[in-house]
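You will see chain A twice below: alongside chain B first, and alongside chain C after that.
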Partner chain A sequence: MKDMVTKEPLIQVRDLSVGFTGRAGHTLPVLRNIDLAVRRGESLGLVGESGSGKSTLALAMMGYLKRGLRVIGGGTHFAGLDMFTLSRKELEGIRGGRLALIPQNSGQSLTPTLKIGAQLSEALRLHSKLPEAEHSARVVQLLEQVRLPDPSAIAGRYPHELSGGQQQRAAIAMALAGEPEALLLDEPTTGLDVTTQAHILELLRDLAAETGMAMVYVSHDLGAIARVCDRVVVMYAGEAVLEGPVREVLRNPAHPYARGLLASIPKLTDARLPMALEGRPPPPGKAGDGCAFVDRCAIATDVCRTSRPALATVPSGARVRCHHADRADSLPTRSPADADPRVIAEDAILSLGDLSISYARPGFLDQILGRKPATTPTVDGITIELEKGETLGLVGESGSGKSTILKAVAGLLPPAGGRIELAGDGVLPPLVDTRRPDQLRRVQLIFQNPDESLNPRQTIAEILAQPLKLYFGLSGEALRQRIEDLLESVRLGAHYMDRLPSQLSGGEKQRVAVARAFAAEPDLVLCDEVTSALDVSVQAAVLDLLDQLRRSRNTAYVFVSHDLAVVRALSDRVAVLYQGRLCEIGPAAAVYAAPSHPYTEVLLGAVLEPDPDTVPTLSAADIVELSPPARGCPFQRRCPRKIGPQCDTETPPWQDDGHGHAIRCHIPREAL
Partner chain B sequence: MAVASTNARPSVASRFLGVIADITSRPSGAIGLALVTFHLFLAIFGPWLAPYDYKAVDANLMMQAPSGAHWFGTDHLGRDTFSRTLLGGREAILVTGIATPIAVLWGGFVGIFFGLVGGRLDDVLMRVVDAFLSLPWILKMLVLIVTFGTGIEVLIPTLAFFYGIPVIRIARAATHDVVARDFIQAARARGHGRMTIIQRELLPNVRDALLVEGAMRWSWMLLAFSSLSFLGFGVSPPTPDWGLMIADARGFMSFAPWGVLAPVIGLSSLIIGINLTADALAKALGIDRAQKAPV
Partner chain C sequence: MLRMLIRRLALGAITVFLVSLIIFAGVEILPGDACTAFLEREAQGQLLENCRQELGLNRPATERYLEWAAGAVTGDLGVSANGQKQITELVGYRLRNTLLLASCAMLAGIPLALFLGVVAALWRDRMVDLTISTIAIGAMTIPEFVSATLLILIFSVWLGWIPGIVLTSANAPISEFFPEIFLPMMVLTFVMTAHILRTVRSSVIEAMASDYAQMATLKGVPYWRIVFRHVLPNALLPAINVVALTIAWLLGGVVVIETVFNYPGLGRMMIDSISDRDLPVTQAIALIIASVYVGVNLAADLLTMIANPRLRTLHMRKG
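What follows is the complex of A and B.
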């Protein structure tokens, strides 16, 4: 692949600035003086937090700007053509053909009413010179190229009949139809499961090597960037602050922001909490005269406030926008110190006994006869004990039943069987309507997306007042004081009280959601993917907050996430879930080390580390199962280590090591 | 995401002012709101502004072309078209101005109720609503008017009734949307009572959708009222009314087009104004009209 990289740049961005006109009439820049080049056969990564301008830059490379944006200075060339001077017709000839884009959620951008084959033929008609007669053969070839099983069958399906990963592959096939010289990818794997994501990234690597096309890969995920890119540009507040070879940028970045970003990523191999990068980037137009990062930088000096650093080449060959790049390596790229260990009493707070939950309602006849529904329950046989102050991580791919279990514990879904027991309160009634207020108070739930879980029409004070009024009957000055304390405890000031959620950033909103849960002074907090909607640096801050709160209040957590590294950073014990059934449970260190359940092994193998030299292992097939098998091991259909017919027919036994680490598999523990 | 102001206590008054400011910050919203305000002003102060008596018949002045004395000419009875156009919206605005809130209130109430109850009852009701909506509206109204007669006391309830029905759908859809969101789940999980959840969590979010819907309903209702007048079921002569004026002047289109043109401009400028305002209002409130638009 390397020897195909030519000297002549295919995409050349020169001193590009893009902005919009603000309400006051000023021009507010969203991209400032971007300079970069992408050569043929090369793969360039664009990383940065949301709002840093990555997508705007990628789209500008196609000569496209979102409405309201305009070029303030500089320009961008593709194969020698100045993209912002081309006519509409000329642009149409290039876009989708020589220069193709794979947008975020491209699976959803497929036309829902057209079969995959028809959409590909249409792309061929528009962007290739192939005669009509050869289209159907080429369609199959393209689907084969993106490694879709049974291409002719896939061609005859509608997009909604494909899984997320398959849709993404189909979208890539569409982009390949015009045999592009360059491919722009905007967060192409965001929102996909770890295993699916790893498969898609391997595909992209292979395609780049096979076809020699250039790639521009936009992502907030340094793990994905590490896997597919040769060179990386780190964006901050509309600027390129660091550019260099992927190893250089991910191992020893010479810019303080890049180091902070790296340190805020939880790592699979590190059981400690990642380091939070406090503060947030300046909004467009607010970057000031100096360095845009100055307010968050630990090594900033006076010169950083007054003069904007230029992009300068450092000895390692990277280009850095920093006055003190030579001092950047004094900043850590991982958490410096171990946190004090927490003491967890051997005293259960929650115990789930053989819990099962079914979404299928029993039919009328079944109800009369008192029969259980014939379909296999979505979640089954969940037996878990949680100690006071302990954090249990619950991992599994989407659809594995993580949220379902939390909802049942919170009383939002009736279990089909089993019991939920809360220490001191005995077995909890199934639904909220029948639970006593104090039982409700003791268990609180935090949701994934604060935009959904905070009422957009209520002020922060009103939101926090709800549990305080309900559980403690507070009012007047006492209520106000308590709200202030709560805001303080999640590191938001009292001045947030009268704001609406829409006036807060994503991280601030999630802090409010955390404060609302803690307002009830709960014994158990159920966290459902609470950091998944946040940027990594913000995620680190929220994880840190959750850690502080559990330390000061001895609260137990059930922490659900699809991200194994995040779960590792916070959890004392971890349970692995597949198709609503437990596969493995034990102390975090034991679950993340051998021996592992085959499914845990697959999950761990697919995790992408922000390091170009760790290679994911892809053992299980990239398929999505819609319902659990009726008998045997839940993982039987995808298991790469399946040993025989007993996997299909017999429920595998729990194999315990005597220290609380249990694996449920037919393979003997010694051989796992 | 930018923080607009640190201490904005979003009281009803300040939210209202904020929304107005947002509407007027868009050119289309500013034009729309100006048109609506202008018409409301005329409806109130028209009688003092009109240069002539709207019912003063003068056989010598029949079918005059526009002139310095009669800006929009005169009609077949020699009445001043300008004065009549100026006053021609009063009745329509009064009737629809009362009927619209009633329609939104009752339709909203029923829609929210069924949205919350859900299940079979909700399915059945929606079938009925859909069947009802598929009938041509003019037919439904005429049946009622022919049965009960014309006049404000019949028109207002009739319009309010018929235009409340599509509101049911909007209110129900908005309720479904909101009920599925996590903040309702969060309130349920905390153990709040049903009424508290409806009042505190649901209504404030459905209200905006209903407000926009109300604005839209108003313009539809104005058209309906004018059509009824045109057909002779609305306002009775000699009260000036755009619909009636169009009907009267229609026969003389070929040689006295101003007689039709003036009321058409009056009516359409108000309707365009309402629509522009409703669009800007939807944007200001953050509602996607493309989704919520009535079918």
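What follows is the complex of A and C.
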């Protein structure tokens, strides 16, 4: 193996500025004066929110800029070669060979019409001296190295026939084909389930240790960074604002933005809401003469507006771009105080009784004969009561049926069995078009992606007017006044009324979606991954908004998320789902503590905390199951604590602690 | 895959059935029938009655539809009103001639369109692209009869290279249609190429900007290999459907072109039959064109399914 960390940097970025030409002909920078070095065997993290320029920087290290971008100043070197002066031929020799990339979304980065094996042997053909005849054996070896099950079968598949985690592994194998000296990873685990993410990160750590590769890890996820990186660069508005060892940066960051970012991340061990970082970064070219962060900074002074701080070394050894790095300590990195407890009446608003939902449509013949489809339902046996003003979190991996349950409650999917009961209205009719308007009014749904749930051709006022007209028959001045109040309640001013969704940021759009739901004055709001598409700092603001609204209106929430820390921050009670079946349900504090269902344990173990000293535990295999087992425990095939044949044949019993915390497992509660 | 095929075939059959109903109803609603057309001024009294009796026109419409439809299925399209000839015979050569014209246009147009579309996309916003795209827009906006007339003016009147109209009779051997067929073929090729080229251009541009093309670049794959191996197989999939639509359009658009050039094809026969009020022939041709339309689209869908691994494996491994 190569020497671990040598002195000569492998990748050296010197005073690099990159920009594009704006409409008015000005040059708008997206990267400003970036200076950094990556040594052999070292792992550097690039952290920032969307638009901070972190991906652009990583691609620039390969001498690649997206269409429209160009180098304004400085340059980047790889092993002494100036990447922006190399010829196309020379670049082709380096890219994918000595310097390889693992892309963000492998599902879209693998060519859909080529088999996995063909894409890997293409890399071998270009970057290895291996004779053609040995390629297929090497492909299988590479796929094995990234721990893909049945590698020769995978080699013969097309990308879309693989799960997200498998696609990511295949992309890693493709990058390893050229035996690179350095790997650039562009958000390699974003969009994957927590357990898959944890497995991939462990794989990358092992590979780095094995081969001595240098890594540049781009992510918005401080948890992933903490697990993989030695050193971290925090990016903000195209600048490196903080650089230092991972412990230093995550424990006690010396830059106000880094502290705000850290405080806005919900933590698994902390039941409090994260702190929102208000405002948003300046768009390219609008940063002005001073510090780019000045408008959002709590300790900014006059000097911050007039002069741009330089990257300076502070006593701890980190490099900080801040005039007041010495005072950054005064800013908190976590929520300062507990919020006032809310009172939840023991008075059910929603009750689901033995709800089951099936995606399998009965065939033509089945319809004629009135038969039910033979397949097991996607979601089964869901019995949940929700009190007025209570928030229930639903967690589970993708495919666990969380969103399916929400859709059934909202009337967008017909249940196959069971009942959905709303206090005061009795059992709800199955579908939206059979529900009465006042029943519809009481249950509102907020979707994950506001880009798709807000009509792009309607102004914000028109979007908000719809429920007001429909449910309350408002018009004229009363309507206008009500829209203004709603915008005020989600902390957007009346001046947003005439804008179109495309003129709003992601966070603002999601606020409009929240306002639209609350326009109906609902008793129950269903939140489907409402913060998943948002940056952490924006997510914290939306969580805070949802908290304020439930306090002032006593609204109940069903909050669906794959992010266990986010669920913890908002929920009173949490239900854990696997393959459409409940595994565990109870007060949030009880679910997040022992005893747990084995599946809950697997999920919690895989969560990455933004702390380099927490180690995830990977107890279950990372497999994607396409359908639930017909009998027994839904988790039987992956369970690390399976006790015997009864797990396969008998439905496990509910074990209650008498305080509302119930676990569904064959293992006695005391042993869990 | 087989189930899918059967489903699509059934859907196609239903479409043709609905179209046949509409055609029949349309003809039924029109004032007059084959007898009034045939007898012209003598169409009154006993003579008209006799004629209707003979052709069975005084039977209920449903009965006549069923008879017509049953005949059409077995390849018997009935008898023409003028001259009382078997329509199948009349249509045979005409259909051949139209297909000849359409396939000549396709053989020239499709490769040309693919080539120009890819070139325009790869040299996007350069001089080549601007020239190609501008001409394409021109070709799409100028009506066929205008471009046809212009071509006649240039090649027949001024240069005198090719005859301006086709004088070959409908049942002449194929070889006699050359070189007269060139002008109508050029007009069709011109418009068709423009349509396909624009789709190809935008879908190649999209594929070149895709994540997988970027990934291939960052994997060190040489440019032309990216184009041919990673981009084109994906980018040309949407082209299949546009080609199918264009072929279907060709068969309709051919009506105008055939009339302008006096080409003895199905389109001109349709026009003639309408002006002669030969309703059985009109009905038959409309049905043929509809069937070809459905058939071509079906073929395109199947081809897309075979060429696209996503669809192929979906139907083979899961369905």
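One rule holds in what follows: the second predicted complex is superposed on the first by the 661 of 672 C-alpha atoms of A that agree within 3 Å, B and C clash if a C-alpha of one lies under 4 Å from a C-alpha of the other, contacts with A are read in each partner's own complex, and residues count from 1 in each chain.
The criterion applied here is as follows: contacts are C-beta pairs under 8 Å (C-beta built on N, C-alpha and C of every residue); 3 or more make two chains touch, one makes a residue touch a chain.
This one's a predicted model, so the numbers in the text were calculated from it and none came from an experiment.
Colleague: Using the superposition on chain A, decide if chain B and chain C clash or fit.
Modeller: Because the two structures are overlaid on the shared chain, the partners are seen to clash.
Colleague: Should A:170 be classified as contacting the first partner (chain B), the second (chain C), both, or neither?
Modeller: Touch partners of A:170: none, neither chain B nor chain C.
Colleague: Touch check for A:222: first (chain B), second (chain C), both, or neither?
Modeller: neither
Colleague: Is A:505 touching the first partner chain B, the second partner chain C, both, or neither of them?
Modeller: first
Colleague: One more residue to check, A:541. First (chain B), second (chain C), both or neither?
Modeller: neither
Colleague: What part of chain A is in contact with chain B in the complex they form?
Modeller: It comes out as residues 23, 51, 283, 410-412, 432, 435, 437, 440-441, 444-445, 447-449, 452-459, 466-467, 470, 495, 498-500, 503-506, 516, 520.
Colleague: Residue numbers of chain A touching chain C in their complex, please.
Modeller: These residues of chain A touch chain C: 59, 62, 64, 67, 88, 91-97, 100-101, 103, 105, 108-114, 122-123, 126-127, 158, 160-161, 174, 178.
Colleague: Flag every residue of chain C that touches chain A in the complex, lowest number first.
Modeller: Of all residues in chain C, those touching chain A are 209-212, 214-223, 229-230, 233-234, 308-310, 313, 317.
Colleague: Spell out the part of chain B that touches chain A in their complex, as residue ranges.
Modeller: Where chain B meets chain A, its residues are 1-4, 6-10, 25, 181-183, 185-192, 200-201, 204-205, 286.
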